[in-house]
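Next come two complexes, and both contain chain A; in the first it sits with chain B, in the second with chain C.
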Partner chain A sequence: MLYGYAGHILRVDLTSGTVSSEPTPEAVTHDFLGGRGLGAYLLWTEVPRGADPLGPDNKLFISTGPLSGTFFPGSGKLDVTTKSPQTGGYASASMGGLLSAELKFAGYDAIILEGISPKPVYLFIDDDRVELRDAREYWGMGSFALERILKQRLGEDFQIATIGPAGEVGVKYACINHDYGRQAGRGGVGTVMGAKRVKAITVHGTNGIPIADTDSFIGIGKTAFKACKEAEALDAWIRYGTMTVTSWCDRNGALPTRNFQAGSFEHGPSIYAPVFRDTIVVTDKGCFGCPSPCGKYAHAPRYDIYVEGPEYETNGMLGSNLGLSDIQDIARANQLCDEFGLDTISTGGCIAWAMECFERGVLTPAQTNGLDLHFGNAEAVFALIEQIAHRSTWLGDLLAEGVRVAANRIQQGSEAWAIHVKGMEQSAYDTHSATSMLLAYMTADVGAHHNRAWAITYDIAVGRDAVTPEKAAKVIELQHIRPLMDALGCCRLQWVELDMPLDLYAPALAALTGVERSWDDLLHISERIWNLTRMIWVREIEGFGRAWDAPPVRFVSEPATQGPTAGKYTPPEAAQQMLDYYYEQRGWSREGIPTPETLARLGLSDLVEAFMK
Partner chain B sequence: MRLYVDHKRCSGCRACQVACSLHLFRENNPKKAALIIAPHFPAPGAFEVQVCTQCGQCAEVCPTGAIQQNDRGAYAVDPDTCIKCMACADVCPEDMIFTRPDVPYVWKCDLCGECVEACGTGALWIAE
Partner chain C sequence: MTVTFTIAGGLKAYLGGRDHIEVPAGGTVAELLEASGVQPALVAAVMLGETLVPLTYRPREGDVLKLIGILGGG
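After this line comes the complex of A and B, so read on.
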């Protein structure tokens, strides 16, 4: 009996239209846990080297973790892993909501989508009844609209994931949407789902999750819920959610402003959390099993639209980074991205780059189809979002490729304004003057995303421009703890925001699964996963090495223009020195490749050798 | 005593339902809970929580005496005595009597309070 797991993986061969169920491999759960770990293992072993991300050989791995759906705070996380059409490397996107739990209740730890369907389909799962159904009538629909129709037709009890039009036409950063506002956002996971012609996944389940030691698990779960409920930060966190970070970032020079030209916005206070809460929030909206719901569901009366959010990343990337200073405008941009199925972070990064190009005369009014792309023009932002989602204009089509590709085509110095690492647009923390956070972005396993290591508070605590081995060590420590949560299938924010003790995780997992593992054992597994995902880059990108960990040019060459970090940037040699510290502590070569000794220490030698070819 | 709810505080997370199923069945399965969360999305964007009011009408019609008041003041089902005749469900004004094919009896809220303990937003409480 595989306690803590549903016990089966659902394999969907879209090319032939067949579905099958296979046992979840127990040995893999020991070595990689689940969620992001399971996804990395499956991507490594099942997708052949050099597979076209949008071709039949790539697969989409949708994985729960052992804690998903269980009596443990924040147990609502789902991982979506694939070979990224945006970066060409490893992609893993995390999604909250209710789908992860529902999938386990239906009896599945993961879904593997492989091949390409000859026609648009949706995957219907009702416990062990699994069917591929015709979705031609739904092709072209927006995510909210489709979710509503599917719930009306199948029942409110179904949990639904969809792609919007952006995923259908191959926008490289299309997302997967769920529960009217939750997304697996980054790396183009929705693009891959669209390439496979899967418009939606609908899940209903009625089974329980087996627990090895029920009394112990209930006891630890209660302790964990109690710790969250008694946390001092709980009330403010529930009231404002991630938006609470906006004012902190603005004051600390971390709020991306006009394509990261600065980390502080002169209209910042108009997009702070209290304005948001008091003017447009309708209800708090939690993911499965969450005592501290950060989701804020809003209604913007000016546009008469409903949207979950904006949360902080969206507020930064579609707000200050585009020069928008009205919360209802940002909510509208957010809702358009959600409906079309676009990652708000990458969309914000792409439009910000286009606006800077426009203001500097590199993009002409003829090229923007008459759109006045000055920072702050909300109507132009709305129009451009739609053009990207449908690839309906020259500029929309260009931006649909992401800033790296767009800048390489336009050139004229615009490469320096393309704020990305490995081809993924940077999320919403300005890193002109924050060497740990910059390193975190340089080395994040999917590209410039913050969730693997949110180190900016550490920068501020120890000296934001300091270049020390300790800073690299902090980034590595965070890169093991935070992604571990993604392998366990739970949210990190109960720990990050409420100080829920980390020493609850190992006992909870042991009681749930019956497998005794210490916290250090779990961190060792997390390090194993990290190194395997690094090897995915090494395998998939010809000549992969140090150059792929380069920081966005702006942060190592141009001073921030305003705010508390005005005049500051990180000297390029400082960024490289941080990388040296990092590689050395990781046991990687000077080119950033895990050494044979490191792979052996992590028990990866055979697995790497077997599938490196 | 009965369970009360402030619908506006509910965030739809279902921790209450997991806690409930663990109490009633020692099973981690929110589909076997004795309270219901009805989401109303995309508009108007609200959660509605349906709970037992402990009105006792179920106990009045139970032909086998399987539903009795417990020491918390709740009308609780004795699984061994219940014959699943569904007379209780027919009269329940709140639709708070539950069953399903793989369970040979009905279940309902017995005011154990586990849902209240799990709820992080203070949406649930027990009072007179």
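After this line comes the complex of A and C, so read on.
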């Protein structure tokens, strides 16, 4: 009995239209836990080197973790892993909601989508009844319009994940949507689902999850819930969610403003959390097993639209970063991205780049199809979102490729305004003057994403421009803790925001699975996963090395234009020194490649050797 | 009369383990924090009851405000 797991993986061969079930490999759960760990293992072992991300050899792995669906606080997470069409390397996107638990209740720890369907389909799962159903009538529909229809037809008990039109036409940062506002957002996981012609996944399950020591697990779970419910920050967190951080970022020079030209927005207070809460929030919304619902369902009366959000990242990237200062405009842009199935972070990054190009005369009105792309023009933002989602204009088609590709095509100096690492647009923290956070973006294993290590607070606490080995150590520490949550199948926010004690995770997992592991054991596994994801980059990118960890040019060459960091940028040699500290502490070469000794220490030598070619 | 700041969760670790600070009223939240040796940049949110107030808010005598540490983002 594999306690804590549903026990099976569902394999769907889209080319032949067949489905099969296979046991979840116990040894893999020992070495990689589940969620992002299981996804990384499967990507490493099942997708051949050099596979076209949008071709039949690439696969999409949707994997839960052992804690998923168990009622442990925040246990509503799953991970979507694939080879990224946006970056060419490793992609992993975490998604909350209710799908993760439902999938385990249906009896599956993971779904593997492989091959390409000859026609649009949706995957129907009702316990052990699994079918590929014709989805031609749904092709072209918006994400949540389709979710509503499928719920009406199948029943409210079904949990549903969809892609929008952006995933169908191959926008490189299309996302997967679920539960009217939850996304697997980054890296183009929705693009791969669209390339496989899978419009939706519908799941209903009625089984349980085996627990090794039920009394102990429930006891630890109660302690964990009590810690969350008694947390002093709980009331603020529930009232405002991640939007709480907007004002802090603004006054500390971290709020992206007009394509990261600055970290402080002159209209900032108009998009702060109290405005959001008091003007458009309708109700709070949480994921499965959540004691602290951060989701805010909102209604923007000017547009008469409902949307979950904006949360902080979207507020920054579709708000201040585009010069938008009206919360209803940002909510509208958020809703359009959700319905079309676009990652709001990358969409904001791409449109901001286009706006800067327009203001600098690099993009002309003829190229924008008449759109006035000055920062702050909400109607132009709405129009461009739609053009990207359908690739319906020259500019929309260009931006659908992502900001790295767009800048390389346009050139004229615009490469320096393309804010990305490894081809992924940076999320919503300005890093002109925050060397830990800059390093976190440079080394995040999917590209410039914040959720691997949110280190900017450490910068503030110890000196934001300091260049020290301790800062590199903090980034590594966070890169082991936060992604560990993605391998366990639970949300990090109970720890991050509510101070839920980290020392509850190891005993909870031991009671659940019957396998004793210490917290240090779990961190060791997380480090193993991190190094395997690094090796995916090494395998997939010809000549991969240090240059791929380069920071966005702007942060190491152009001073911030306003706010508390005005006049500041990180000297390029400082960024490189941080990278040196980081590589050394990781046990990687000066080119950023894990050494044979490091792979051996992590028990990865044989696995790497077997699938490197 | 004084203003009381209670210190929530992880922020305590940055503030020498203190769980509250009492300061004489008079000044903005930012000014009172600085006078107490608290770096305002470490404070993500200041709550007065259920309401988030800015650092420019001027507490009244007897106010009890909660300081919440730098948050972890979205």
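One rule holds for everything that comes next: the second predicted complex is superposed on the first by the 613 of 613 C-alpha atoms of A that agree within 3 Å, B and C clash if a C-alpha of one lies under 4 Å from a C-alpha of the other, contacts with A are read in each partner's own complex, and residues count from 1 in each chain.
What we mean here is this: a contact is a pair of C-beta atoms (placed from the backbone, for glycine too) under 8 Å apart; a residue touches a chain by one contact, two chains touch by 3 or more.
Remember, it's a predicted structure, so these values are computed and weren't measured experimentally.
Contact with chain B, but none with chain C, is seen for A:71 once the two complexes are overlaid on the shared chain. Of the two partner chains placed by the overlay, neither chain B nor chain C lies in contact with A:161. The wider contact with chain A, measured as residues touched, comes from B rather than the other of chain B and chain C.
Once the two complexes are laid over each other on the shared chain, residue contacts for A:232 go to chain C alone; chain B is not touched. By the touch criterion defined above, A:189 reaches neither chain B nor chain C. Looking at the shared chain after the overlay, A:493 reaches chain C, while chain B stays out of its contact range. Contact with neither chain B nor chain C is seen for A:91 once the two complexes are overlaid on the shared chain. Counting contacts as defined above, no chain A residue meets chain B in one complex and chain C in the other.
By the touch rule above, chain C contacts chain A in their complex via residues 6, 8-10, 14, 39-45, 47, 50-52, 54-55, 66, 68-74.
Contacts from chain A toward chain B in the complex involve residues 69-71, 73, 76, 98, 101, 105, 144, 147-148, 156, 179-180, 205-209, 211, 214, 218, 222, 225-226, 228-229, 234, 238, 282-293, 295, 297, 299, 306. Taken in their complex, chain A has these residues touching chain C: 231-233, 235-236, 239-240, 242, 244-245, 247-248, 251-252, 269, 272-274, 311-314, 428-429, 450-451, 454, 457, 460-461, 492-493, 496-499.
If you check the complex, the residues on chain B that touch chain A are 8-9, 11-15, 18-19, 21-22, 25-32, 38-39, 41-47, 100, 117-121.
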